[in-house]
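Naming follows writing order (A, B, C and D), and every chain is counted from residue 1.
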Amino acid sequence: MTLSHLATEDVFVVERNDADFRAGQGMTKGLGIVFRKFRKALFGKPNSDRADTEGQFNVQYPEERLAMPEAYRNMPILLYDDATGHELCTSCFQCERICPPQVIHITQAKDPATGKPVPAAAKFVLEYDTCMSCGYCAEVCPFDAIKMDHDFELSTANHPELDVDYNRLLRPVSYYETIAPTMWSDVKEQAMKKLQNNIKRRPGDIGRDHGQKIKGGAPVAAAATPAAGAAPAAAAKPRGPVAAIGKNMPEDKTAKLLAIRAANAAKRGGGAADAAPVAQAAPVVEAVADAPAAVSAAPTGPVAAIGQNMSEDKRAKLEAIRAAKRAERGE
Amino acid sequence: MADALTQLGFASWLSVLIASIIKVTLILVGGSVGMMFLTWYERRSISYMQDRRGPNRVGPQGLLQPISEAIKTMTKEDATPRDADKIVHFLAPVVMLGATVLSFAVIPWGRMFPVDLNAAVLFVIATGGLHSIGMMMAGWGSNNKFALLGGMRGVAQLISYEIPQVMAIIPVVLMTGSMSLQKIVEAQNDFAGLGWYVFSPVGLLGFALFFTASLAEGERTPFDIPEADSEIIAGYMTEYSGMKFAVFYLSNYMSNLAVCFITATLYLGGGNGPGVDALGGIAGGLLSLIYFLLKSFALFFVMVLIRATVPRLRVDQLMSFAWKFLLPLVLVNILSASFWVALLRWDQQWPKLTEWFGAPSTADATNWGRLAIAIVLTLLINAGAVALIMRLTNRNVQKHLYTTDEELALGLS
Amino acid sequence: MNPIAIGVFIVIALLTLGSGIMVVTVRNIIHSALWLIASFIGVAALYLLMEAEFLAVVQILVYAGAVSILVLFAIMLTRQVTGEGVRVVFERWWVALLIALGLFGVIVPTLWKHGATWEEAAKLAQVGPAPVEGAANSLQVATATEIGRSFMGEYLLPFEVVSVLLLMALIGAVVIAYEERTRRRRVLTLAEELALKKRGIVEPRDAEGAVMPREAEGKVILLDSEQA
Amino acid sequence: MVGSVPLVWVLTLAAGLFCIGLFGALSRRNIVGMLMGIELMLNSVNINLVAFWRYLQPTGTAGLIFAIFTIAVAAAEVAVGLAMVIAIYRARLTINADEIDTLKG
């Protein structure tokens, strides 16, 4: 918001030492201003121009949502590969060590034949109730296996539910790709390479199939989300495990929520091309049809999406850094 | 209603009893439903003034929000401080609500009058005065210093503003020649139902003064000093929770509703409006009710607008406003009202003059002349008084009473 | 006989007399003042029952709304200590009780002796036929309008005198209760109190100059010449 | 009311209230308590005035006017009386009547 935006009529200077007859002019003007605000908010269109000072800015939260910034972090999740079902985690204990509130508890997997440790976790428990969302674990993870989720609707009446175990922590890589496309594309190659190396050292099904019921690279999607019939598979795919958290919800509510999330994911333009029809199908999208164009459509791809709240020069700088990194990696 | 019941064959005392019970029930239901609507209405409109949307989830447009909140407050724990005076602490909200409900006995709904008391106007003020007892009981019985401070402040404010409030009504009583609300409404039915008092200079000033004093009586912002939350938590309501707090809240909003109803009745012609008399009968009554509610809720909207605009006064500002600003203006208004009455209703005041010149009638051409003279005269008096008071209370004229910033900076104050 | 009127009268009488008794017997003076308000409201209801609407409203406005609040304010400003063991009545309160009961014993038989005469007179005073049970009273009792006319006519001089009296009371009350700045006592902050104590200046004293117990006086000190 | 409740009942009520007020005014140590007793007595007198007006001269206004005068005088009395109470309290730090005995020899 700039000062020039405030037209002179918006600023009322009441001269306190004016000897003239005032007769409540200030009060009348004040009432007038408030009434104008009332009129604009009641009859005007919902306002999306943040530089403006009048009108309705509200986002009606459960139905309408603002797009999250990519780097938004709430709670940690673990990633697995869509195709093979292998988890990226190698139980290197970096995250457990750095975690300030010490809420990560890992047990390393062992080869049943030899009894030697294997680069995979047998158990992985994270106490969501004590986690402080610092993101150190995601930062420190050398295998990009632990990432910060965008889901913040975790409230539950059942407290022990917040000690989240492996099969509720796992998310497919494609899910993370939808919520943070740029950030994933930066590390994708590296992470996948490391994963391939690790898979070689994992005998049998170890490091695979922690409650995911994936066999031989079957599509993960629909399996975990029977309730989300309305939501297209591609968009709903990542949300299987999350539905487990909100399992106290009624069916239709869950479906609705999933539809909303799908729509949001589509809006974010997170690479999923087949999410486009969803955007038109979901009724919720119409509610936010007036939302700023930058949010609804992302023709410039992931980068534009991440930089929504950034200034131009900052974004350019970031882009330059990324380009340099890519060049470094020899792309 | 009692007569109709007697015709149906009830004993006379029984029909009186039944009619009273029905009336009381209707008043109570009307008052509390009105209060519920009022809370919703205030919150929605103040939300839009602050670029928000307000409660819009429970029921259509959030209309059921008050019900959900009533259920919430009633199921909450009702805590009483250990060292409180238990009985006084318990009775305070009862007294407050009782006083408010009493005032609803005489308040008309359009052209429906529950009880047509002879001194109805005074009755409303008197029941308003009873609030101060409840406030004092709440403040003292809670055994809490903030509650006591709030109670004391509230009582001081209430008894100070009662004076301009009562005296602002006197012009209306003078112009009508009666204190009965029914007669006051009837007197404003000239000019096809538009002869409201607010259109005369006397009534306009009276309306402004009465409404301002009523804001203070109803503890509305900017006069919400008894419950100034930034200074004394919640004033006399500090130690109240659950059901008792809900009763206080109910009483507050019902008295605000009563203030709007009374102001609409006294100055805005009550249920009068174009077309009421033409329709007549039940349809006319309904139309008058609609007019009346529209006027009342428009007045409440002004209250909300003021609440959204004006910051809270200081205690000394509050008192000097009542005694130095409202009171002189109210006295001047009584003066000009007596001029008005003398010019327009002299047949009732001086029978001798009527003997000599004949009674004035509205159809008479000379009466229009008198009306014009009366309007000009009272307008001059009132405008002159307002200008004079404004001038006298102006900061610059009273410069010696205020310290300037320079003096403060030099430590000379 | 109208049973509703009699029932209402008995209820009001019990309320008025009962709260009157509470006023004079309750230990806590604030409770006493609150009972006084109840008594005032009972009297107002009695006026309403006697069709003196204007007077009932004035009673509520002046007595219940203003006088009782004044009394409450005075009690709170004077901080009367009503702890256990503090006498609230004189030692020889039973003399007062005897006087009151004796007066009652004199008045009531006298009243009842003349009761029948008054009943006759009352019947004569009701203009028109005696009121039929339950029906509206045909009698037009004096209303606020007549009171106003009387004030402006027959009773003009007393009216003016009363207004002068009220003005005098207003000014007199202000003059008597006005507190000069130099004599003002205030509650000290803890720091001030400690500082004064250290210097040995202040010990709260009562009227006779004896040191008062700390619980009784609540941090009030004298800051004027009396102190020396 | 008239024709149902005899005048004597009302007068008896007023007499009772008067005696209660008298007892309060005589027995209370506290000056404010005494004032409250006096208020009760004045109220009972008012009841008498109104009752006689209503039963014996309902079309006149004398009883009502006198009652209003009584109320006005009582209000003035309370205002001055309480001002005096506050002044006494300020000077003597007590409002018990038997402790205000400076003139006692």
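What we mean here is this: a contact is a pair of C-beta atoms (placed from the backbone, for glycine too) under 8 Å apart; a residue touches a chain by one contact, two chains touch by 3 or more.
Keep in mind the model is a prediction, meaning the values are calculated, not measured.
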Practice item. Considering only C-beta pairs in contact, identify the chain pair with the most of them. Key: C-D
Exercise for review: Go ahead and note the Å separation of the Cα centroids belonging to chain A and chain D.
Suggested key: 77
Check your understanding: How big is the gap, in whole Å, between where the Cα atoms of chain A centre and where those of chain B centre?
Key -> 53
Review point. Roughly how many whole angstrom separate the Cα centroids of chain B and chain C?
Key: 28
**Study point:** Mean-CA-position distance for chain C and chain A (Å)
**Key:** 71
Exercise for review: Note the residues in chain D that touch 2 or more other chains, in rising order.
Suggested key: none
Check your understanding: Out of chain C, which residues touch more than one other chain, so two or more?
Key -> 2, 54, 58, 66, 73, 133
Review point. Touching two or more other chains, which residues of chain A qualify?
Key: none
Review point. Can the chain contact pattern be summarised as a line, a ring, a star, a complete graph, or none of these (other)?
Key: line
Study note, to complete from the structure: All chain pairs satisfying the touch rule are A-B, B-C, C-D
Practice item. Name, in rising order, each residue of chain B that touches chain A in their complex. Key: 45, 48-53, 305-306, 308-310, 386-387, 390-391, 394-397
**Study point:** Complex contacts: residues of chain C adjacent to chain B
**Key:** 2-4, 30-31, 34, 37, 53-54, 57-58, 60-61, 64-66, 68-69, 72-73, 76, 133-135, 143-145
Point to revise | Complex interface listing, chain C residues touching chain D | key: 1-2, 5-6, 9, 13, 16-17, 20-21, 23-24, 29, 32-33, 36, 39-40, 43, 46-47, 49-52, 54-55, 58-59, 62-63, 66-67, 70-71, 73-75, 77-78, 80, 87-90, 93, 95-97, 99-101, 103-104, 107-108, 111-112, 114-115, 118-119, 121-122, 125-127, 130-131, 133, 137, 139-142, 146-147, 149-151, 155, 158, 162, 165-166, 168-170, 172-174, 176-177, 179, 183, 185, 206-207, 212, 217, 220
Review point. Which of the residues in chain A end up touching chain B in this complex?
Key: 16-19, 21-24, 27, 30-31, 33-35, 37-38, 41-42, 54-58, 60
**Study point:** Residues of chain D defined as touching chain C within the complex
**Key:** 1-13, 15-24, 26-30, 32-33, 35-37, 39-40, 43, 46-47, 50-51, 53-61, 64-65, 67-69, 71-80, 82-87, 89-90, 92-95, 98-99
